[in-house]
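In structure tokens below, several structures.
In the two complexes below, chain A is the common chain; its partner is chain B in one and chain C in the other.
Moving on, here comes the complex of A and B:
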């Protein structure tokens, strides 16, 4: 365990030192994107791993991005206040939708479809209020004339890299915190059999609401950070079903049940998209999603534990001493 | 007639009737999805994308090869039916014993594949058939023939499916298998064959919907997203697998969209419909027609 901790700290130190040694802006940009999306995918898998498959996370991400940007542009509210507000908004929405779902035991298909409606609503509201949000053309937070720190707008990639890194590490810590908490056992029991879990004294509704709230808050933060970094958001980039499915896809490809799984998923999907974009140029429109889709189907059929999950399992099996030896 | 029209706001009446016409096509889509859910216990997230492929098929057959609409329609229906059967054979069948969520996500992957296939193959341009049907003027109200035709065709198709389900052996077997999966195999029904037939039937309904929708809407790779989510909501509101509930919910939703669109933008109609849906989840979580146990 001690060796693992040391390796983790060494790895983190190497990641922090990276932008000061290596300064290629394009590669840093890709790294920042990978970190931000890894955080978003980790947020999804925090509840996804317990069988709570939500397609509403595109909605939470959209709220995080749009509320922050709208407060900044229309009210001049700094993202330092705007981001907590947007997270609170996403959390409130998660509770409003989550409570009836869990109270009335809407699970499986029903839960997926209800949350799908949620991301649909956010997408439609953003499009419908086009006078304020710019509709499907997208939206840009105003450039600040004053302090970049106050507006959370930085021009250099190194700062953004460090912010994204901090958020990503925070996400992993939350993942581990939940992994070691009693809630994890409660939620695993719930995902196996709700009645039995309730009979064993687990408050099913409260446990599910708690995990949904954490997940929604983190996803909204991911959306806000993405908006602040890219300085441009469009409804189909940060909300809607496509984004929700993208989260599910990356988490499953990387591996739902291991902490680094969503990160591996983000690395694979973003590198794949970038390689295709560079390789095919403008002809690549659509090709990346085509490959994603085929991979997703193949993975669910042949490797439901994801790449990292399956690899770790194989390593574990090999390490186990055989009974004869 | 005249007094009746004066009594009500004429635009309101027009919106109500247009809502009913829209409801017909939505009911057709909901029927296909409910059929597949009821029998195979799978939700095809990519259902609206099958419709999109069908709309492209109609576009190319009619526009590119210059074949008449009424010959193109059966070809398209057959094509999408084959696509539905293929989807079941290639994706769902290997996953039948997997957790239901995995099946649902796999069809989500198919959604990506179909959408991006259309983007790669046909580009992102909006295309339409170029058929302009006349408009029926009734008093001061205008109704497009395209909508009337869609409504009529959707109703006929639903009656045909009803007759198929109640009057034929295969239809009876389909209904039976949706009631008890295990017993039917013992009764000498080949479940795999029934699943394939159901998937093809669901595909055919999507194909028919494509033929009708292409008359009213332009086709582009993301057209599925504009009516896909609403179809899922209808099925959940009606109770997944509940045919009559789905039928009623289609018209409720269509009216909300149509009336909401009357007072504001069309998107607000959708937002209202979504909000209504979430409120209904509080009141009737298991669907409109569910019996409280």
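Moving on, here comes the complex of A and C:
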């Protein structure tokens, strides 16, 4: 345990030092994207690992991004206030959608369908209110003429890298905090048998709402950070069904049940998207989604614990001398 | 400690439970018997909050609990087991029981929950090994685990749902003795639903018999076993058991 903590601290120190040693802006850009999306995927997996498969997270991410940007452009509200407000908005929506679902036992495929509608609705709202949001053409937060810190706008990649790193580490800490809490056992129990969980004294609706709320708040934060970093958002990049599917894909491919799984998923998805973009250019627009779809089916069938999950399991098995041998 | 008045449960036009009233005293073991479909499990599910009664009242410790959510009823002190054990297979045995200890007793402390889990496992006679999995348990073991989960919630009243189904003779006797020990040592009041009359009659203080959702008989085991209405209900399907139980009850009453 101590060795792992030491390794974690050493790894974190190396990650913090990286941008001061290595300054290639393109590579740093890719790293920032990986960190932000890793955080988004981790946020999804926090509830996804308990069988609460949501296709609505694109919606939460979109709310995080758009609410923050709109408040800044129209009301001049600093993202430092805008981001918490956008998170609150996403959280409120999560409760409004989650409560009836959990109260009336909408689970499994039906829950997936309800959340799918949620992503679709957020996408439609963004497109329909194009006078404010720019619709499908996308939206740009106004450049600040004052303090970059107040506007959360920074030109250099190193600052963004460190912000994204902090958020990513925060996401992992929350993952571990939940993993070690009693709620984790409760949620595992709920995902197996809701009646039996209730008979153990668990307030099933409240536990599910709690985890959904945490997940939605984090996902909205991911959307807001993405918006501040890219200074450009479009509905198909931060909201909608495609983004939701991408989250499911990355979390499952990386490994749902291990903390670094979604990070591995982010590395794979972003490298895949970049390779397609550079290799095939505009001809390959949308190909990544096609590849995701095919891979997702293959993973669910052949490697349900994901790449990292399966690797770690293999290492564990090798370490333990097998009794049958 | 429990007062049930005019309990009714309708599923569409079908009355699964029709105007049933009964009470349970502190420290008593009440047997609840009846043929399949007589409404035993439906009554249990209403007592534990899984089903909401169509009409009637359930007063536990002076409070109306009819229609409360299951977790609230557990927190008031009514624990239950399921007819078919429902363990959480992704958790270890110990985690199964500790979970019930934590949430069943109002989420106080994890250390307390783990203590409750150890006590409950010891009570039912399962090892308190923290890493043992559920998969290693047979039918009798799963019943014990189910009982340990219910005990860990710290009940004042335990609803034991057909806890002997699928066990052999010796295991049945042991399980029946365990229920009695739970009452004697822990002072927990028990309502025990069972198909198998023989063993039940030996342990319970009082029996209530249901048929087609209605109470047809209630009283001491010896009296109920001799009740012509009860014999009629069980005759043909279970006559021998009924007679054996009656003999057993008479022997017990005499000795």
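Rule of thumb we're sticking to: the second predicted complex is superposed on the first by the 323 of 325 C-alpha atoms of A that agree within 3 Å, B and C clash if a C-alpha of one lies under 4 Å from a C-alpha of the other, contacts with A are read in each partner's own complex, and residues count from 1 in each chain.
Keep in mind that, in the parts below, contacts are C-beta pairs under 8 Å (C-beta built on N, C-alpha and C of every residue); 3 or more make two chains touch, one makes a residue touch a chain.
Everything numeric here is computed off the predicted structure, so don't read it as measured data.
Asks: So if we stack both complexes on chain A, do chain B and chain C clash, or do they fit?
Replies: fit
Asks: Looking at the overlay, does A:204 come into contact with chain B only (first), chain C only (second), both, or neither?
Replies: Only chain C is touched by A:204; chain B is not.
Asks: Put down the vertex angle at chain A formed with chain B and chain C, C-alpha centres only, nearest 10°.
Replies: One gets 80 degrees for this angle.
Asks: Could you say whether A:189 touches chain B, chain C, both of them, or neither, answering first, second, both or neither?
Replies: second
Asks: Is it chain B or chain C that touches the larger share of residues in chain A?
Replies: Touched residues of chain A are more numerous for B.
Asks: Of the partners chain B and chain C, which touch A:16 in the superposed model: first, second, both, neither?
Replies: Neither partner.
Asks: Smallest separation in Å between any Cα of chain B and any Cα of chain C in the superposed model?
Replies: Minimum C-alpha separation, chain B to chain C, in the superposed model is 6 Å.
Asks: Per the definitions at the top, what is the overlap between the chain A residues touching chain B and those touching chain C?
Replies: No residue of chain A touches both chain B and chain C.
Asks: Under the definition above, what is the set of chain A residues touching chain B in their complex?
Replies: Touch list, chain A to chain B: 51, 53, 55, 96-97, 100-101, 104-106, 108-110, 112-114, 116-118, 120-121, 124-125, 127-128, 240-242, 245, 248-249, 252, 285-290, 292-297, 300-301, 304.
Asks: Which residues of chain A touch chain C in their complex?
Replies: Per the stated touch rule, the residues are 182, 185-186, 188-189, 191-193, 195-204.
Asks: Along chain C, where are the residues that touch chain A in the complex?
Replies: Residues 48-50, 69-71, 74-75, 79-80, 82, 86-91, 95-96, 98-100, 102-107, 110, 113, 149-150, 153.
Asks: State the interface residues of chain B toward chain A in the complex, per the touch definition above.
Replies: Answer in residue numbers: 37, 43, 45, 91, 94-95, 98-102, 104-106, 108-120, 124, 221, 225, 228-230, 232-233, 235-236, 240, 265, 267-268, 270-271, 274-275, 277-278, 281-282, 285-286.
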